[in-house]
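You will see two complexes here that share chain A, one where it goes with chain B and one where it goes with chain C.
So, the complex of A and B:
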């Protein structure tokens, strides 16, 4: 790249300025403010009181925090299990010479683009005890005894809130993995088969190592996506009863905007940020370790 | 002898599985569309049947009632305006950082946003807009959507800009173009596909956002579409057909966009995994 000329400096500043200003004022500044607020006690009206790490210490014996953290981690776990494994499986089925792969991919990806809040609304119709489709299906296949009020039965509520979200995004991972499989060079697959590897050996020893990066990045996407969850739970149950079906994101929203506890709410958002960073750092680290081998 | 039989069985099982998964992905939407044309009795009595007497007026009613039409246009205005501003300033910044002055600090600075969950912005956003006297103002949503989408759009557009040959800039310079002219006349026109990918993704994110709308907008007349959807439940708690019609109206724009620009939507949504 050539050295920048003097007359270009005006252009550089002029072109960068709008993006830098908007991004700094409405992204970075808010993040820093949230960090600061997380060390204060504040209801948004009276003066802020600096309390050090008290909010974080409070979390340690806040039952609601542990409950929502646990719900969030359960969601993370189930998302990883279902989205990554089904994603890999279905993408692989599409990849091995399947006619109509394009149609199937279009179908699988459709739910991904729809607003999470709309998906939540749709499923609350399905769970509805009056018109609920799920209960009708159970009845029609002779499992009528399993009928329940999905969104109020404490045993089913968390699962009922998580299922739509996991269902909605499987298509995203199918698509990512299909792209990944298609990026694997046909030559190495062929030469492995010439060497006598069967289909499953080829899959586990040739293809999976080759797309390892995609798998790790998908896991990061899957985890950080789950940590940010709000919409599905909010529309279906508002996180209730209490925080029985709330994730950290829902608890943070309730604390901040329903109970006006801005200080504690901020510290909860910081926890979400920190957890996302930790999970993605750890996973990238593990991925790099594999690359070294 | 056994080989073709085995492979036929395998193929059948595979297709059966794929079709079942496709049904699981699509049928919920089909059910809602069919139900939007039924009354409560029919939804209750024959939930899985097609209807003989479709009630098309549900759509007109849902559109006019519960401020759905107004929310629809609120969302459309906010999203398109945010998109226009965001793409303009992001492409300009990206041009500088990729082709004129590759500054490491700014590149990293702009990439931070990808990692920031929106929850971390909510409380300060309310206070900043209060300070700017922009409470309950749709333009506040435009501004924050712009800021929120800069990082990822820049990631996509940077990737695209990197692949444009340097010869283009050089030729423009020889012809006497300033950097500004080079950008508008040479680089911007060839960035179309990259910008389109960033645009579809940003539009989806903004159209589907609920949280920022919830905290920044308080009056019913300024509600966005996602806020209207969450209000539908309360307004039409007893008329499921109408509720379904409202749902269909709310998802039409993204479904249309998805079917028309599938390539861009898919490459935008998977860009994080494919390029990262």
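So, the complex of A and C:
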């Protein structure tokens, strides 16, 4: 018995070792190094100077940090609202209306596989007030009053940069939720309906609790995806004007690679990691509480 | 031994082999390099004088490497890749050069688009893995590399080059590559001139004269706007082209030249002139001189495109964009002085922004590597050659090197630029004078905000000044 156990341990270590080494070298080690850099003043070239928590203290007085944090949290909120709810809604419609479901599933998923750079460039052109289609469409449907310079108007710029990203990834959640709906046992749904539950009651009290874990995973993906957002904002506006359309990821990149302030840039990276952990833990806690009920 | 154990051992062995395999090439190269170096040293021992010994080391090192079948590898990095206006003029010459030295040198060309290229060089600098030679900007852009001692004092290159000498270049062009220690760390290639273009056909069509003052400009702008024409195609995205236009207007004010020169040695950005010019630009935005959407119409390409599409009557650009101006637009374009701003005292028709903007830097460690030295000098000689320079001129480049450039072979717009510049005093711009990347970046993003009225002129100036502390 003991011999078998020893052999099993050897096999387990053997299988895990490559993955642990790769994960440590490419994930854990860089994270630890970034954490160390965040306590230094470093331009990426000359020697690192240990400055303790000075970079984090600087953040408290950095207007640009607070603005990009606010932009990021707004993106997280809107992503959760639109991507998860639209994802659920459209997936449910595809689930109950099976005619053409395959086509629509592919059509909705299509934007997900397009490079964010291409989406960003495409929307930049759409938004252009001289040659773009958005203003022309608004005018043609009698909503000319809503015409604006989408990316040059301080009131609309953040929304204009957020919209393509939120739109692009709705398809991902549709696919996840459609798979989740299809995994719900037909017997349970049928039993509920025999017991007199209508479609709405079946959805909220039978299906949703059954796919709770899928919703939870989707919310984690949605939040972490939003926290590390970069591509769309960088392509469309480079986070500008100023940092009006920048998220933490964009501000971190600009600080590190444009301003060559790798110490401060690393501390911004750590903040992104910490926020991701906090959000994940809070959601996990909420999910556990629902599971207990 | 059971099958599970065999599989796990196999996986571990595979992992170890792959990790070892990754590390084997540099080790092999390093062995080859040291053998070459040994051969070089032996050859050098036969030389009689110290000078000839040094030369022998270089020659023998390259030859030894070639004899051994190990060509010297030189990495040349540039942003003149496909899509860049210089690509068609650079790449064929590069291929010719690459072929001519193929027996002894393996010249590896790395190209990236401009913004990616800046990031690449910064990342490579941080990882101490700079290319052997690379085209790059000077001033604040190369400061960190100079401070870290990564770049070669170009006098060392000129001393070892048989074909390229300091005297071949316009002496003022080295100013941009002069670091705080007084030494120069870049060989200048490209100088440039700021040009304010006006579409003569549109002015004729609406019976307008070219504006000489800001009041004239306002009158022209009214007419153009009434007819759906944007008066001046200048946006601001990442500070282009607004930053250079800002500098051009700045130079219209008394004392600007001294203030700009003082900036490299710690002088302030925040001056009365700086606030005045920021105010001028914001007034121009409010008066509808520029496209309404200054972000999407910012950047060199989009700004120029409005002009070349004849949707705008005027624009401000630089010769590196001439490749994008169609011939018919070149014909109907005139270069005119920027209208005189209210309260300015330097006659705008007598000045023009003109400065060194680009060149190449040499990796000091590579230059001092005896195995690479000779080959590296050859690649540098190619980059600074008359042949390549003359070809690049055809793309719309103003050369820093004194070469014979046939006037009639150049683009029409370039001929007009040369004619216009004849009686102009060249003035500097903030881009080459600001002492750090951070300051340039703050100016760029501040101007983007200024153009959308998201920041006051005073706040803009303060934000840039804050980076200089």
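One rule holds for everything that comes next: the second predicted complex is superposed on the first by the 265 of 293 C-alpha atoms of A that agree within 3 Å, B and C clash if a C-alpha of one lies under 4 Å from a C-alpha of the other, contacts with A are read in each partner's own complex, and residues count from 1 in each chain.
As a convention for this text, contacts are C-beta pairs under 8 Å (C-beta built on N, C-alpha and C of every residue); 3 or more make two chains touch, one makes a residue touch a chain.
This structure is a prediction, so every number in the text was calculated from the model and none was measured.
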{"item": "Partner chain(s) touched by A:18 [first = chain B, second = chain C, both, neither]", "value": "both"}
{"item": "Contacts of A:45 with chain B and chain C, given as first, second, both or neither", "value": "second"}
{"item": "Contacts of A:78 with chain B and chain C, given as first, second, both or neither", "value": "neither"}
{"item": "Touching partner for A:203 - first (chain B), second (chain C), both, neither", "value": "neither"}
{"item": "Partner chain in contact with A:244 - chain B first, chain C second, else both or neither", "value": "second"}
{"item": "Partner chain(s) touched by A:149 [first = chain B, second = chain C, both, neither]", "value": "second"}
{"item": "Touched partner set for A:94, first chain B, second chain C, both or neither", "value": "first"}
{"item": "First (chain B), second (chain C), both or neither touched by A:56", "value": "neither"}
{"item": "Chain A: partner with more touched residues, chain B or chain C", "value": "B"}
{"item": "First, second, both or neither for A:258, with chain B first and chain C second", "value": "second"}
{"item": "Chain B/chain C common contact set on chain A", "value": "7, 11, 14-15, 18, 44, 124-125, 130, 257, 262"}
{"item": "In the complex, chain A residues that touch chain C", "value": "7, 10-11, 13-15, 17-18, 21, 43-46, 124-125, 127-130, 132, 149-154, 157, 237-238, 240-244, 254, 257-262"}
{"item": "Parts of chain A lying in touch with chain B, wherever the complex brings them together", "value": "1, 4, 7-8, 11-12, 14-16, 18-20, 22-23, 25-31, 33-34, 37, 44, 90, 93-94, 98, 103-118, 121-126, 130-131, 133, 136, 167, 171-172, 175-176, 179, 214, 217-218, 221, 224, 227-228, 230-231, 234-235, 249, 252-253, 256-257, 262, 265-266, 268-270, 272-273, 276-277, 280"}
{"item": "Residues of chain C defined as touching chain A within the complex", "value": "2, 4-5, 7-9, 11-12, 14-15, 118-119, 122-123, 125-126, 144-145, 147-148, 150, 230, 236-238, 291-297, 306, 311, 437-438, 441, 445-446, 448-449, 451-455"}
{"item": "Chain A-facing residues of chain B, complex", "value": "14-15, 17-18, 21-22, 24-26, 28-29, 31-32, 35, 40, 43-44, 47-48, 88-90, 92-93, 95-97, 100-102, 106, 109-110, 112-113, 115-125, 127-128, 143-144, 146-148, 150-151, 154, 178-180, 183, 204, 207-208, 210-211, 214-215, 225-226, 229-230, 232-233, 240, 243-244, 247, 250-251, 254-255, 257-259, 262, 265-266, 269-270, 272-274, 276"}
